[in-house]
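Take a look at the structure set out below.
The first chain written gets the first letter, and so on, giving A, B, C, D, E and F; residue counts start at 1 in each chain.
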């Protein structure tokens, strides 16, 4: 994982734009539904982002983990809370998730609020 | 899914007992770690149960979903909140999770606090 | 798999109804999108049903396989064509899909157009 | 899992027969390759059965686990060795495999050489 | 995904050659069976390639998706048809497949017949 | 997979260190349990490494495969035996594992005892 967060986000945005402009209504609607799933409902946005992070973790999708790490920090989860969620990933998903947890730790180095020193008292 | 919650829980407990008594220290320790993953840490128990439910949902494990539905109700999540979490399962995991979401709805009929009428105002 | 197709369909319909009536707009919309994904688009409905069958097969979801077997027969695929699609499932997904392929063969006994004698010349 | 081993084996054999008689050469060849994968090669049959068991465990296929438990016992693996292999399943695959490990323990009660008392000195 | 299609294909061919020359008959036979699964049978080659694409998509294998995109174009599927198949991937597999769908769109830029302007009237 | 084994190992070690120093007791304990799962028990360490390799293969985790290839060579498994285990991966997991088997072959070029000429008599 030598790509920087910034590069990941640029490529992601660029391709999302191409996909949304491709003219397929079903895909467009699914992207909208995906977005809405994390908006305020019976559950709050903050809780939902952590659900998204754990779902991405156990399904072992690095790009999805990166996305939800960034959003989780924006919603106010701190480093220790995110690490506690990654422990749930590890226990539910087993050692096969370790490489993804490793990359999550590497990614957190780039995210304000989740950096290694973030919870240092 | 014709088994009743009560039967599921009896078989589960019975087999867990046999496993824990089998003499394998690694398995015993993993079961303990699994239990501790949902105890109060940087995150609270209530939040963690919902993480467990969503992880179980996207990984499509009916028994795990049943277990976390029961625990989520005990922790105070109501029917609408659980359904909002199941929507995250559906969006992240896709239509392949629908049969499991269906069985989750069937199971909720048996769980105090998650029954169909639970959120009726 | 001792359940009869008829029973499966009744339980499925009953629970789908409960889910659609639960009041969660996101879930309702996803169910609609799921339905629309198999309607005529750039690809025809007949082709799409076979895509759904193979996707269900490699993801190892018996209920989904049953649903798409029924729909594939309705769209006019015959037994030998469905079996050829199940071979793709087997090759892509490996021997871990064999129990699901076995249950697919058992289910085909109940589906007009896919029964064992269907392609007998 | 209320089905007895005997019933499982009868249904399995019956459906395998139907599949092999269906006239699809590719499926027939894959079944043969699957069989040969566990025959003596650079690795011995005994080792390979345990590989099959662990692969089935982490991929969470109860029928496959049952099949390889029976074969592992026939090849001479004892209860404690099989349990040690199930621990690898648990650690690699995480708590999501626990229901399958539970059912593996239930199944071992029916298999000569793997029954609870088998390693009692 | 900074690798170009050409590079992917060279590395793929090079390693396939090494594997086929390694002397393991089972692997050699499986590669042959894999090849044959997409040849004319009860289903035509064109249909089968799309089945392979969707199977690769829901199982989230970028290399497999690339391979079947190239083959699908060769068989005559156009950009809009392939996008309609990717929508099935998205609906069945959920948002966890989005990064793979993104990479599929990136890859299509390199494939004659699937490029962004391909269906422009 | 352009990264060299040496680079992979350095990054892995570096991140493991950060994870173990992060202060989460549950994660620390899981890493210890993971380590212990491959130590001498009812099964020997040599056998267990091959179980780990096959589990990693069918779950399609390149980093895990690399780790267990290195350890399998250290435990004395030779190239032909490892290839025979990879055949089990291929048969159980299907063609979707081929890209990972390819990368396993590429990785073996860097591992003493598993290099292409290793079994040349």
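Basically, a contact is a pair of C-beta atoms (placed from the backbone, for glycine too) under 8 Å apart; a residue touches a chain by one contact, two chains touch by 3 or more.
Keep in mind that this is a model prediction, so the values were computed, not measured.
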From the listed A-D, A-E or C-F, the one duplicating B-D with over half its contact pairs the same is A-E
Computed over C-alpha atoms, the centroid farthest from that of subunit C is that of chain F
Rounded to the nearest Å, the gap between Cα centres of subunit C and subunit E is 23
So, in whole Å, the Cα centroid of subunit E is separated from that of subunit F by 27
Residue ranges of subunit D touching at least 2 other chains are 24, 26, 30, 33-34, 37, 41, 55-56, 58-59, 80, 83-84, 87, 90-93, 95-96
Contact graph of the chains (line, ring, star, complete, other): complete
As the complex stands, subunit A meets subunit E at residues 12, 15-16, 18-19, 22-24, 26-27, 30, 34, 55-56, 59, 61, 63-64
Within the complex, subunit A is touched by subunit E residues 60, 80, 83-84, 86-87, 90-91, 95-96, 98-99, 101-103, 105-106, 116
The answer for subunit D against subunit E in the complex is residues 24, 26, 29-30, 33, 36-37, 41
The answer for subunit C against subunit E in the complex is residues 33-34, 37-38, 41-43, 47-48, 50-52, 54-59, 64, 78, 80-81, 83-85, 87-89, 91-93
Note: in the complex, subunit A contacts subunit D through residues 58, 90-97
